[in-house]
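Structures for review follow.
One chain, subunit A, appears in both complexes that follow, with subunit B as partner in the first and subunit C in the second.
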Partner chain A sequence: MKRRSLTVKLAALVLGISTLILGAVLVYNLLFSQAVIIRLAEDNSRSLGREVANHLAAQIKPIELAVKNIALALEDSALNSREITSLARRIVEGNEDVFGMTVAFEPFGISSDKLFFAPYSYRTDSGVKTTSLGGTGYRYFYMDWYQLAKELGCPVWTEPYFEESGASELMTTYSVPFYRLEDGQRRFIGVVTADISLKWLQHEVSSIKLYDTGYALITTHNGTFISHPVEELVLNQTVFSLAEGMGDQELWEIGRNMIEGKTGFLRRASVRDNKESFLLYMPLPIGGWSLAFLFPVDEVFADVRELSRNMLLIGGLGFLVLTGAVIWISRKITKPVRDLSDVALQIAQGNLDAKLPDIRTRDEVGDLAIAFGEMQSSIKEFIVDLTETTAQKERIESELRIGRDIQMGILPKIFPAFTEYAEFDIYASVEPAKEVGGDLYDFFLVDENHFCFLIGDVSGKGVPAAFFMAVTKTLLKVVAERGVSPGAILEKVNNDLAEDNESCMFVTLFVAVLDIRTGEVNYASAGHNPPVLLENSGVKYLKPLNEPLAGAMTGMTYTTSSLTLKPGDTLFLYTDGVTEAMNKADELYTDERLIVFMKGLYENDAKSMIEAVNQSVLDFSGGADQSDDITMLTLKYLGMGK
Partner chain B sequence: MKKAIFLFVVCLLLVPSVPAEARKASLILQWLPQAQFAGFYMALEKGFYKDHGVEMQIIPGGPDKVVSDYLDARKADFGTMFLSTAVERRGAGMSLVNIGQIVQNSALMLIARANDGVESVSDLNHKKVSMWANEFQIQPRIMFQKAGIDVEIVPLASSMDLFLRGAVTATTAMYFNEYHTILSSGLREDEIKTFFFRDTPFNFPEDGIYCLEETLKQRPMVALAVLNATLAGWRYAFAHEEETLDVVAKYMAEASLPVNRVHQRWMLTRMHEIIIPDGDIFAAGVLKRRAFARVVRVLLQQEILRTEVDYSTFYRGPAE
Partner chain C sequence: MEFTNDKQGDFLVVGISGRLDATTAAEFEAQCDQWVEAKQGKIVVNMEGVDYISSAGLRSILTSAKKLKAMDGEMRFCGLTGMVADVFGVSGFASMFKIFDTLEQALNG
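So, the complex of A and B:
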């Protein structure tokens, strides 16, 4: 894993978390304030719209009332044509918001000889003028302003139109039908109209400024634009034809809502400059007319954006300061740790006297420094102790080595031995294990015709085993030289060893005495591994006698068995160091392997036989640690003939 | 297509060699400038009249201009009229001749409000129906007669507001014009019920080019040139929609009319359908004997026409 300093980790953690928090705060702030701003924008545009609507209402309501009053007055048939004409004229003269006024009668409505009767008073630069409408070129009763009121039977505002005769202003007409009772029936007589200019409305709407580039527009009952910043839309297009041209179904639906007098607030691209905008539409007090505002989203959010940008800036600066602070504090914290780690490295390299940094802070690092100091002095003390202990151990080991040498020295080591006797060939070897063991062997002449040879293995290891072995060997020699049978030798030696054997040690022994003249061998065994007899006819273990170990208990009896070696026959004695030698897989050499191996060794002399077995055991163990002494003794009987 | 080109070339060859001085002619349209007359304006704009040796002056029509009066008073050499109008005038003794039939099918229709429960013509019984005057009433009136219903006719000028505001249940309309106006005023197609006269036995050919018999006699080549140039204008208009809409818009603006390109595009497309119905380019300019006979029969039945009008004296355009 890549090494990262504490400073980096700490800084990454603290700064990472603070970035997350800062980000969350910024996003929340942005979203929340956007929502608030949208609500405010909607409220603002709504109240602006209401203002326009109220203004329009204030303008048209008195006119509507005046026209209705005249219509009411006309229901009285007492008025003659002159009075009717001057009535309308007076209204125009007295109301500067009224551009013109007509009282139009049905064909032959005023009298049976007059197809047309529609006096029209209107405003000109040089005062109010009156004219008569109607003629073959202008059948006024087919005009919308007449027919709508007549057919709908209620007051109506007509679709706006351009008044060509006057100042080419956008006009709309308010028409109120009037009726008279004739023959008990309410009969339609004509309409009273007032024309008003919409110039002020257009001006007012076009001068509305929402944010930087927001704009307002008005549509009529048919969805026709009568005020829109895109001049070519005005009176040319309806919302619906615009939607069709743009392939914009949403716009079509908006138009439908507008002419149905609904209110809506939504977000969409503006028609004027295709800018993502908020759109608010609301009805105007003239039937089916709708006022709409569009204002670009980015302008609405300009303040929020600035706020967010500044917050981001402050956050960023804070972040930098925080970064500095975190790096400073973490360096401050880790400095003593780093110093300590430097000293620890020196100590590890052996400089136990390295000077500890002077840390006096009363915190975890201070504690660490104190603990470190204690550790340093403990290590020093320990090293002193260790030096002493090691010296002692070395002395003991040296003494043990000397003891070992002495122990080994008591075993006969000079070969070839008894070369003056051609009747037999003797060879023995001990391969001591690292630890002091208790294997022993010996051979000597009991008298001139009897040769004693033996092998044994003391239980346990170490100095006690070595001593026990030395005692056993000495006892054996002393007893054997009395010329008693091997069984008696073992009985005597057992009793001697068992007396005062408080450490409960014991020894396995095999003792044999060869009659040099006959080849007869008397032997006894105290729990020792059965020796191998190599005869011309084959190789076999001597039959085990199953008699107890020596030294454990007094009063044991041991049988003396006998066999006769023919010339060339060999007895091979060994300790369990041979058969229990282990390889690296913890497998034993085993009796079976030994007997099989020895089958080919009949012809060997004593020495080469031992060397061969030794090699076999070495090969088997394959360099595994030797845990026990490997002791072997070979007696080859050669007979008298030689 | 090859055949069409061949025919076109033959037509060009039939035009006599153009004299050095252009021959002046004037033509009055039956209504204000709009895509209904795109072929005439394009022929003028692209110089097709000039190419055919005619120095053409187009007089836009309007509510106060009656084409037959203009022809009668020699204020215009040529004029466009509904076939039914022209047949009626001929029957009344005016020496009108058709030198080419432009519109083959009737674009006249009735539009009713679906939510007024109008499913068929008979549902209009005792309902208010706004209708234009004169020739526009011939087909509806027969339809009402055949359906045995009595409708209250409200005279209709040029706006659709009576219908849009629900003052009438149904209205006459031209498919290429008012139908789209109504849709452009916020009504969905499924909110209106339509009755097309082209789908009835009263499918009258509409706009044709007319002149007085004496004009044709004196200036037969000019009459032929006017027809061929006009047809060329129409072919050009259908092939160059955007350019044509620009030109139409220009003439509309000159006449101080509201210009709505979407609406004019609709109109131009519909004109294509009725001038070259079913893609039959051989029909262009031709007054079919059967269609003529149909109109005459109906007018006689309606007693609008009191004497039979003969096809071959009335129609002097390209042979069927």
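So, the complex of A and C:
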């Protein structure tokens, strides 16, 4: 993993979390304020629409009422034609909002000789004028304003139209049918109409400004546009024709909802400039007309977006300041740690005297510095101790080695030995184990005809065993040289060793004295392994005497036994290092293996016999650790004849 | 190396199994020290389960036996087999200690 400093890690963590929080706040703020803004925009446009609707209602309701009143008055047949004409004229004169008014009768409705009767009073620049509609060129009872009211049997607002004769204003007409009772039947007589100008409405609607480029529009009960910022749509297109032209199913649905007088608020592209916009539509109080507002989403959200942009900017600035602050603080906090780490590196490279930085903060870092200082002095002390201990250990080891050398040095090692005596051949070897052991052997002339040879094994290991061995060997020689029997030698040595032997050490011994002239051997054993006797007739262990090992208890007696070696016979003495040599499977070499192996060694001289046994033991142990000294001694009797 | 203890009459019968060498001899000696401490002076060591004894093992027996003797106790042995019997014979332990063939004989002898 790439190495990163604490400062970088801390800064990354704090700044990462801050960025997440800031981001979450920004996103939440944006979403929430957008929702609020949309609701506000909807409410605003709704109330604007209601205002327009109320204004329109205030304009037309009195007119509708007036026209309906006249229609009611005309149900009474008492009014004559002149009175009817003047009634309509007075309405026009007395109501500025009414552009013109007609009372139109059914053919021959006023009298049987008059096909047409439709006095029309209308406003001109020079006052109100009255004319009669109807003639061969204008059969008024086929016009929409007449037919619709007659067929539907209720008051209607006609589709808007342009008044060609006058100021070319957009007009609409309100027609109310009237009836009379004749022969008990309600019979349609004619319609009363009032023309009103929509110029003010167009003006009012087109002057509505929603946000920057939002606009309003009006459709009639069949979807015809009567106010739209796109001029060529007005009176030329309906919502449905437009929807079909554009292949816009959604617009078609919207058109249906509008003519059904429903209210809706949705989000779609505007027809004018294809900008994503909010659309609100609502009914107007004139039969089936609908008012709609469109305002671009961009403009609605402009403020929110600016707010978010500014917040992001402030957040970014704050982020920079925070970055600086975090880096500053973390560098300040980690400075002692870095100083400590530098010193630690020096110490690790071996400079134990590196000076620790002076850190006095009372926090974890301060604790660390103190602990570190203690560790430094502990290590120094420890190294001093270790150096001393190592030196001591080396001294002791060296002394032990020298001791071992001295111990081994007291065993006779110069071979061939006693070459001036042709009567016997003597050889001995000791293969010391790693740990200091206590094996011993010796051979010397007691007098000119008697040759003493012996072997022994001190119990235990180490320096005590070595000392005990040295003492034993010295005692043996001193006692043996008095020329007493081997049994007496052992008795004396045993008593000397057993006295004040607090440590309960003991030694097994085999002592033999050869009469050079006759081959007679006197011997005694203090618990030592029985030696092997190699004769021409066979190889065997000497019969064990089972007498106690030396040094354990005073007052023991030892028997001296005797045998006679014929020329060529050999006595093989050994310690249990031979028979208890172990291989890697923890198996012992054993007495049996030894005796079987030695059967073929009768002809060997003293040295080659020991070498052969040694090789056999080595082959058996197969490189397993040697745990005990391996000591052997051979005496081959050659006889006087040689 | 495992020890078992079983008090029978005056004697504590100690069963040993495994090898009695330099490592286990120290354990044996420590056990004996506890018995000496507890004034248990008469001990029969059943060697039936011991298949090897080293000179260190012999020494631990000798040391313990001396301690028992100092408090008028004694250490008897039974169930010696194979190599252990040989070593006891060769080393003369047989002439220093009371050795029995069976536990009954050791307890009643």
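In the analysis below, the second predicted complex is superposed on the first by the 403 of 642 C-alpha atoms of A that agree within 3 Å, B and C clash if a C-alpha of one lies under 4 Å from a C-alpha of the other, contacts with A are read in each partner's own complex, and residues count from 1 in each chain.
Rule of thumb we're sticking to: a contact is a pair of C-beta atoms (placed from the backbone, for glycine too) under 8 Å apart; a residue touches a chain by one contact, two chains touch by 3 or more.
Computed from a predicted structure; not experimentally measured.
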item	value
First (subunit B), second (subunit C), both or neither touched by A:M556	second
Contacts of A:P229 with subunit B and subunit C, given as first, second, both or neither	neither
First (subunit B), second (subunit C), both or neither touched by A:D144	first
Touching partner for A:E159 - first (subunit B), second (subunit C), both, neither	first
Partner chain in contact with A:R256 - subunit B first, subunit C second, else both or neither	first
First (subunit B), second (subunit C), both or neither touched by A:V239	first
Touching partner for A:P530 - first (subunit B), second (subunit C), both, neither	second
First, second, both or neither for A:T508, with subunit B first and subunit C second	second
Of subunit B and subunit C, the chain that contacts the larger number of subunit A residues	B
Subunit A residues within the subunit B interface of the complex	137, 139, 141-144, 147-148, 151-152, 156, 158-159, 162, 164, 221-224, 232, 235-242, 244-245, 255-256, 259
Of subunit B, residues touching subunit A in the complex	64, 128, 154-157, 159, 161-162, 164-168, 183-186, 256, 258-263
Contact set on subunit C toward subunit A in their complex	22, 52, 54-56, 58-59, 62-63, 66, 89-96
Complex contacts: residues of subunit A adjacent to subunit C	457, 459-461, 504-506, 508, 525-530, 544, 546-549, 552-553, 556, 576, 580, 588
